[in-house]
Each structure stands twice: as C-alpha cells, then as structure tokens.
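What follows is a short report on a single structure.
The first chain written gets the first letter, and so on, giving A, B, C and D; residue counts start at 1 in each chain.
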Amino acid sequence: MFLINCPFCGERDQSEFSSGGEAHIVRPKQPTELSDDEWAEYLFMRKNIKGIQFERWNHVHGCRKWFNIVRDTSNDKILSVYKMGEKPPVNYK
Amino acid sequence: MLDILHPNISNINKNNIDINLSEEKIKINIRGKNKEFFTKVGKILSIILPSESNTSSSNENYDVLWLSPDEWMIYFDENKNSNIFDQLYKDISSLNFGSITDVSSQLICINIKGENIFELLSSGSPFNFEKFKNNVGSSTQTIVNHIDVILHHKSKNNVNLFVRRSFSEHLYEWLVDSSNFV
Amino acid sequence: MKNKYSVFSLIKNALSQHENWQQAWGNPEPKKEYEAIIVGGGGHGLATAYYLAKKHNLKNIAVLEKGWIGGGNTGRNTTIIRSNYLWDASAGLYDHALKLWENLSQELNYNVMFSQRGVMNLAHNLQDVRDLKRRTHANRLNGIDAVWLNTEEVKKFCPIINTSPDIRYPVLGGTLQRRAGTARHDAVAWGYARGASDMGVDIIQNCEVKGIKRNGDKVEGLETTKGFIKTNKIGVVAAGHSSVIANMAGLKLPLESKPLQALVSEPVKPIIDTVVMSNAVHAYVSQSDKGELVIGAGTDSYVSYTQRGSHNIVEETLKAILELYPIFSRMKMLRQWGGIVDICPDASPIISKTNIKGLYFNCGWGTGGFKATPGSGDLFAHTIANDEPHKLNAAFNLNRFVSGDLVDEHGAAAVAH
Amino acid sequence: MSKLEDYLQTEWPELDVYLTSVTDHYSTASICGPNSKKILNKLFPNLDLSDENFPHMSFKEDKLENINCRIMRISFTGELSYEINIESKYGHSLWKMCIEAGKEFNLTPYGTETMHLLRAEKGFIIVGQDTDGTMTPSDLQMDWIVSKKKYDFIGKRSLYRSDTIREDRKQLVGLLTDDPKEILEEGAQIVSDVKSKPIDMLGHVTSSYFSPNLNKSIALAVVRSGKTMKGQKLIIPMENKNINVTVSDTIFLDKENKRLNA
C-alpha cells in the first residue's frame, strides 16, 4: 500500500489507481508481419523486474488519465512520475 | 410532461449531518483542449474553466468542476438556462472543437451539510480531506464506500456529491448508516 | 535410512532427553561441480531433488537456497490441497500430486500431517453454478471425486455458513472434493529435505544465485554468493523470483509477480472441520490444528516483491468472510503476511524446457502451488533427467504462449487456493 | 470503456476522440414481437416505421412529449423488436406508456429468463456463458463478424496463431436430445464413447432450455471439431444415466429471419 502522485490530481491513495503493468511496450506497427514468437513476446513476455521498474498506471477513480511511474518493486518506493509521451527519466536504468 | 422517478433518497438529519437529495440539476460534461474550445466555452458560459486541479469556478448561473486537464463538469438548477446544452453542443461538438455530453441523468446529486460531514466521508474514503475541507470551492473525484463520486465543496461544510444513478441509493444507505458512527 | 522415525526411536530418544537425535539434513559447503543444480529450496525444489535422486539415479545434486529451506512461499501459504481442476491437463497434473500426497508421510518417513478433510467451493451466482457443475462433470469423467451440493447440503456439511438467500453473496450450492484437504507446510519441506539429504543431495542454504554462465545456447554453471559452481543442468524453482533468475540468463517469461495475502486468527476451539473456498468473493478459510482460522485473501493488482500487500485486499476478504460466517465477527486476527506469487496469463503453471540447453523452469504456480508440491517435483525431475516432459506436464510448456494453446484455468482458479 | 481509454491515451493519442460514459444516463425499454411496430406507432406517431426507411439494425431519434429518445430496430430475441432509450429519470414513465399503448395488443412484460430462452432458440450467444476466454469468432461460427479487409485491428494477429487456426478446436453447435422432453444440464460434458478409459471429453453444454415454441428441449454446446459434426450422435454421461443427443444447427427457429421482418 502506498501513495501515488498523480501528475494531474496530486498525491492520492494507491486504491484510486489501477496498474497497467510494464511501460514502454510498443504495440507493433504491423502485427500481421510478425511471427508467432514475436507476437507472443509482445503479448505475454515481461521483464517482471525486482528493483527499478518502469510502469503504466491509470488514475481510474480520479481523472482517468494514464501516466508512467518509476517504482522500486522491492520496496514499493516511487522514484519518479511522468506523463504519457514524455521521455522516461534517464537517471534510472 | 412525463413524470420523473427520483431515487429513493429522503432527508436525514443526525449527528450534525444533513443528507438530502438535491433538487433536479442539469449536468453537462465538456471536453476539449484547443483555443477555439476555450474561447467558445468562455463566451457561452461567461466563465473561465478552472485550469488548476481539484478546483471549481462559479458564477450566479453555473458551477464548473475540474475533472481532468481536458474535462470539466458544469451543473446548474434545471429551471435556469434550459437551452445552454443545445448552444454548447451546436458551437462546440458539431464543429469538432471538443465534446459536449449531457450527463444529467447519469449522475444524482446528493447534498451533505453539517459540521461532521468530512468525518463521515473520511470514514469510507481513501481521500485526504484536510486541504479540501478548509477550501470552499474545492472539487475532487474519489471513492466513497467503493463507489466513484465527484465532490464539490460548495460552501463551508456543504458538499454536493455526484454519484452514478444506479449506485445512488446504495451510497445513500451507506451515508445514513455511517452517520450513526461519527 | 540412517535414523528411521518410529515409536521406538521416539521412546529411545526420550530416555536421553531428546538430545541425541541426528540432524535431519546436512549442511555442506558446495562442491565445484554437480550433475544437476536446483535453484530454490522450497517444497517444489526439494521434491525435485528428491525424485531426481530417487527415481532417476542422479548421484550428484545440489539445491541452492538464498535463505533457509521452506522460508519462501512454502512457509507462507494456506496449505490447501485439491485436484478438482477443470481441464484434462490440469486434472491429470493435480491428481497425480494428490495421489502422491496420500502416501507421502510413509514415503518420506516424516509426518506431513496430510488431512483429507475435504474442500468445498461455493457458488454465489448462476454463472458460478454453471461453471462449478461443468467442473464437477469433468472431474467425474476424469476419475476425480467431486460432488455437487445444493444449498441445504452445503449448510449440513458446514453449518456455520450463512446460507440465507438475502445476503450479499448468497450460497446457491457448491462442489465438494472429499479427498482434498490440508497438510503441514513446513513438514513437507523438511520431509523432502531429509529424504533428499539422505540420498546424498547437498542442500546449501544462504547461497544466492547471482548469475547464470552460458556458453552459446548451453548452460555451464552458476555464479553464487558461495562462488562459481559448474553444472550443465539447472532447474529453477524460485516461485515469485523466477523472472529474476530468468533475466540472468537473458530470458523473459510470461509472468507477473504479485503479493498474495493470508491471515491467521487467534486460536479457538474446533469450529470448522473442512476447507471452504469462495473464488467469486476472494475468500477461503480453514482451521489449523492449533485452532487458528487460516484465511486466504486475493492478490494485489500490481507487480511487487515486498511480501506485504495492500490493506484494502484484506478488508475486502474479511467483509466477505463476515458475511458468510457471521459467527467470526468478534474474532481477532493475530497476523497477516504476503507471499510473492508468479502468475501466468492463463493461471496455469510452467514445467518446461527453455530454448537454452540445460536450463529448465518450474514456475507460474500463481496462487496455488502448494497442493502440487509432490507432483510438481516428480514431473520436473522427469523433465530434467530426460530432457523432455512427462506426458502429464507436456501441456505446461512455454511454447503454449506462442501457439495459443493455453490451459485457461482462470475460471477455476483465478483466485487463491 | 477503460480498455478504450487505455488505447486512446497510450497507443493512439493523436486521435481527436473523447470518451464519456452515459450508461446511467439512459434507460432502455425493449418492445418485442409481431405487434411491436403497431405499439411503437402509437408512441411515436410521426416516425416512419416502414421497412425501407427503418430497416433491421438501424437507428432513429424522436421525441416523447418533448423528451429526446433514441430508437433502435434491433433484436436479441429473434422477434421484430425495437429498443427505446430515454433519459433515466423518465425511464419509469416510458415503461408505463409502453404498457398502456400495448394493452390492446395483449402486451406483457418479459424477464431475462424469457429473453435467454428466446435468444437460444435463435442461436444467439451470451458472451461468458456460451464462450470463455479461449473462444474465437470462428469457433462460434461467427466468421462474418470479423473484417477480411482491414489490415489490422485489436486482436487480429492472435486469430492466426498455430493453435488458434486448428480445425479441431471446440466449436459452437446445437444439440437435440433424442427424447425431446429430456432437458440437459448446463455444464454437462459431452463424449462420443462412454467405454473408453479415460473418457475423452469433446466439450460441454453451455445453454439448455425447454422450448415451448418447438415443444422440445434445445441446447447450445461447444464440441471439438463441432463444425463438421452435424447429424452425428453423441452422449451426455450423467451420474446415473447416459443421455443420447444429436448435433444440430445452432439456429433452432426461424432460420430465414421471417420473424425479424414480421
């Protein structure tokens, strides 16, 4: 349980949000050109990182906006929040 | 005229909490982000849309709540300005400057007033009301008893709560029940 | 076996104030090289090593555990064992495990306290009824004991359930598997550790894997906190941490790791002599031999390795529990914890080879791996020893996410077990 | 809608689209059956209800005493039928007016169980009851719903994986019991041979009813390779007996859609 600083509404309880999983997985431009393996990679395969992970979250019970966060999954500490379309912070790997 | 069926919400007063079904209101959801959109809205409503999160702006006719960077809700008593929706729709939606949606029946407005209302709301919500209760004009979207709500701090210790119609009676029951424990 | 446990050994050791029991398993330093290394000293990993040594004649095996054996999800689950799964592949897998459970205390000469007290699954709406009846019919044809109970029969089998029709989660019926039940989770790990150790398996605790050494598409060994260990067969059974190990080999798995919570009440006199599960409301309950209510909740919706979980998940579960069992309303909860479970998109496990030669994964058990412990170990041992799956785990390969042939147990197992 | 928001905000933010829920803003009344056109005509006398101007699967707007309504000619029962949307606060008034207008035609309210039976007679599926997460439109014999022309749409690629194009997948079929009075249990398993061990399960019954229109029992089921099995005899092994069934078309009544245009 933790607080998330929604880039639009400010700091709110995590129960107002829903998690959209790993961030920066780009939907293939031409799915029909992909092999079954490549399509499975996009659909199912995840880094599932223990440590610093880039993720998508949605303020579903608030402004309904999607945004990205950088979170340490080993202690749930949020290191950075940035909007969709913005460049991910470079100081985390 | 067709009869209106109101939700089964009656007036309750206990522990310095007053819960009422508010009188019938028009609610309009407005969305947009370009310059024409803001100009048109300002002209039609004579109001500047609040750009700061969790705030509202009001004049003698309308209240406008900030919902997200490109979304607001305007509400007002039904007997006023009945053609404002048509005007907004014609000048904005039809011209593709933004999107105007009538949500009058989507949302039920429950008015809650009294000294203990923030204690009541806090007992079923993860929202931190500390700033909200000291600032008349604050607005927010959050959860109360697991139900999505829009809250508007209309005047001191007087909150308009907007909830989806199908959840309204259930939330009202919870509010009445929980008033016993504040 | 060096020190067989029996009434006689108990009496004999009583005479010496129980000070002369032999250590149940050894505490060796790692050798330079092993025929096979199992990463993860939980129930599944220890069982894998046990069956590798016992049935496949491997002589030189190590189990590496970063903490202490059974200190992960083996020691954190709600100990439910059942095999009433919907799909043929799952039914085959879990019933294989259940059959091994039935004889496990004898097999290991270690009391795992397997108690066949029955597991009942409740239906709370018409679709639950359809789904559970479908599963019951499938179970019957697969030779798995399962019966449908109507509301009165549910009440009779477990009288403390509130079956009033006007509650939030009315009970429309349920299924019962009488062969199902619970076992003592620590004992399972300890029993397998003792059995494996006895056959020469090195159980190395406080030894964390830091890297996987590859030579092209083959594994060559493991970097650990106790140095490099050479091997060409690595079986990873690291539950919630499977992806962490996979990333070391440059592999991605179709997994997300999330906290699954459980809680335990103060001990009370016997009040519920079975296990009742309610998937639709994310709540299940049984009573331990000590008298505590053991309550299982749902998972958080986000990836986390914190072993905590959110308060609102517990709140939801307790709300449902109190609605179904009003008699528990004054019970105090003693402790709450979270275990990190690795969940596959189809809620079925993976017991599979990978495209790296000598690297095998046993993971994705999600919320219900404990029940499979003996079967999982047996089949994973077969897969590692033969470099190909047993027919009972063939469907649980990694390739199903590529071809689309998922074993979709979500309907039957979306929540906890 | 949350899935749509997700795609809109994260995959295609350049689209000039806004999503606003109006689920609770509208209430719906469905008028259904051969007299529905006459009843609708009484409620909306100025609306042109002719088949040319208001065909099946089309949509019009009109007013009921000054209140805007959306009227759709659409059917989940297989009967000629209209759905009327009105602002929720007037939903109860709309209902009363429909009942009043329908009195002379013996109009009667119907509930969801009736609706479920009527749709099953027509072979209309309920997603979640007749399907689970593994079914494709092709498995449901609904290939017509999937565009052949579009280069891409959400989910398209997954339809062409090696196991989603297999011919022997579970596919939607109709089942008729040899004894027309025998009603199958929803969830019951289907086999071709009860002697084999272990028994090879081909699929299961998803929907089952006694149809008063046909005076016999009907069922929908998913069966492995079901598409090619029409006319084949199968067995439903229950605890105490085996029930013999024959695979049929999924549409049991009015295959020509005559009732839709009654």
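Points to keep in mind about this one:
Note that contacts are C-beta pairs under 8 Å (C-beta built on N, C-alpha and C of every residue); 3 or more make two chains touch, one makes a residue touch a chain.
Owing to the predicted nature of the structure, the values given are computational and were not obtained by experimental measurement.
Looking at A-D and C-D, the interface holding more C-beta pairs in contact is that of C-D. Centre-to-centre separation between chain B and chain D, using Cα means, comes to 37 Å. If you average the CA atoms of chain C and of chain D, the two centres end up 41 Å from each other.
Chain B and chain C, compared by their mean Cα positions, are separated by 49 Å. Among all residues of chain D, those that touch two or more other chains are 158, 161-162.
Among the residues of chain B, those touching two or more other chains are numbered 71. In chain A, the residues that touch at least two other chains are 15, 18, 36, 39, 43, 64-65. Pairwise, the chains that touch each other are A-B, A-C, A-D, B-D, C-D. Against chain B, the residues of chain D that register as touching in their complex are 16, 18, 20-26, 64-67, 87-94, 97. Contact residues of chain A toward chain D in the complex are 18, 20, 27, 30-32, 34, 36, 39, 43, 56, 58, 60, 64-66, 84-85. Within the complex formed with chain D, the chain B residues making contact are 1-6, 24, 29, 31-32, 70-71, 96, 98-99, 101-107, 164-166.
Against chain A, in their complex, chain D makes its touches with residues 2, 5-6, 9-11, 13, 151-152, 156-158, 160-162. For chain A in complex with chain C, the residues that touch the partner chain are 1, 14-15, 18-19, 21-22, 36-37, 39-41, 43-50, 53, 55, 73-76.
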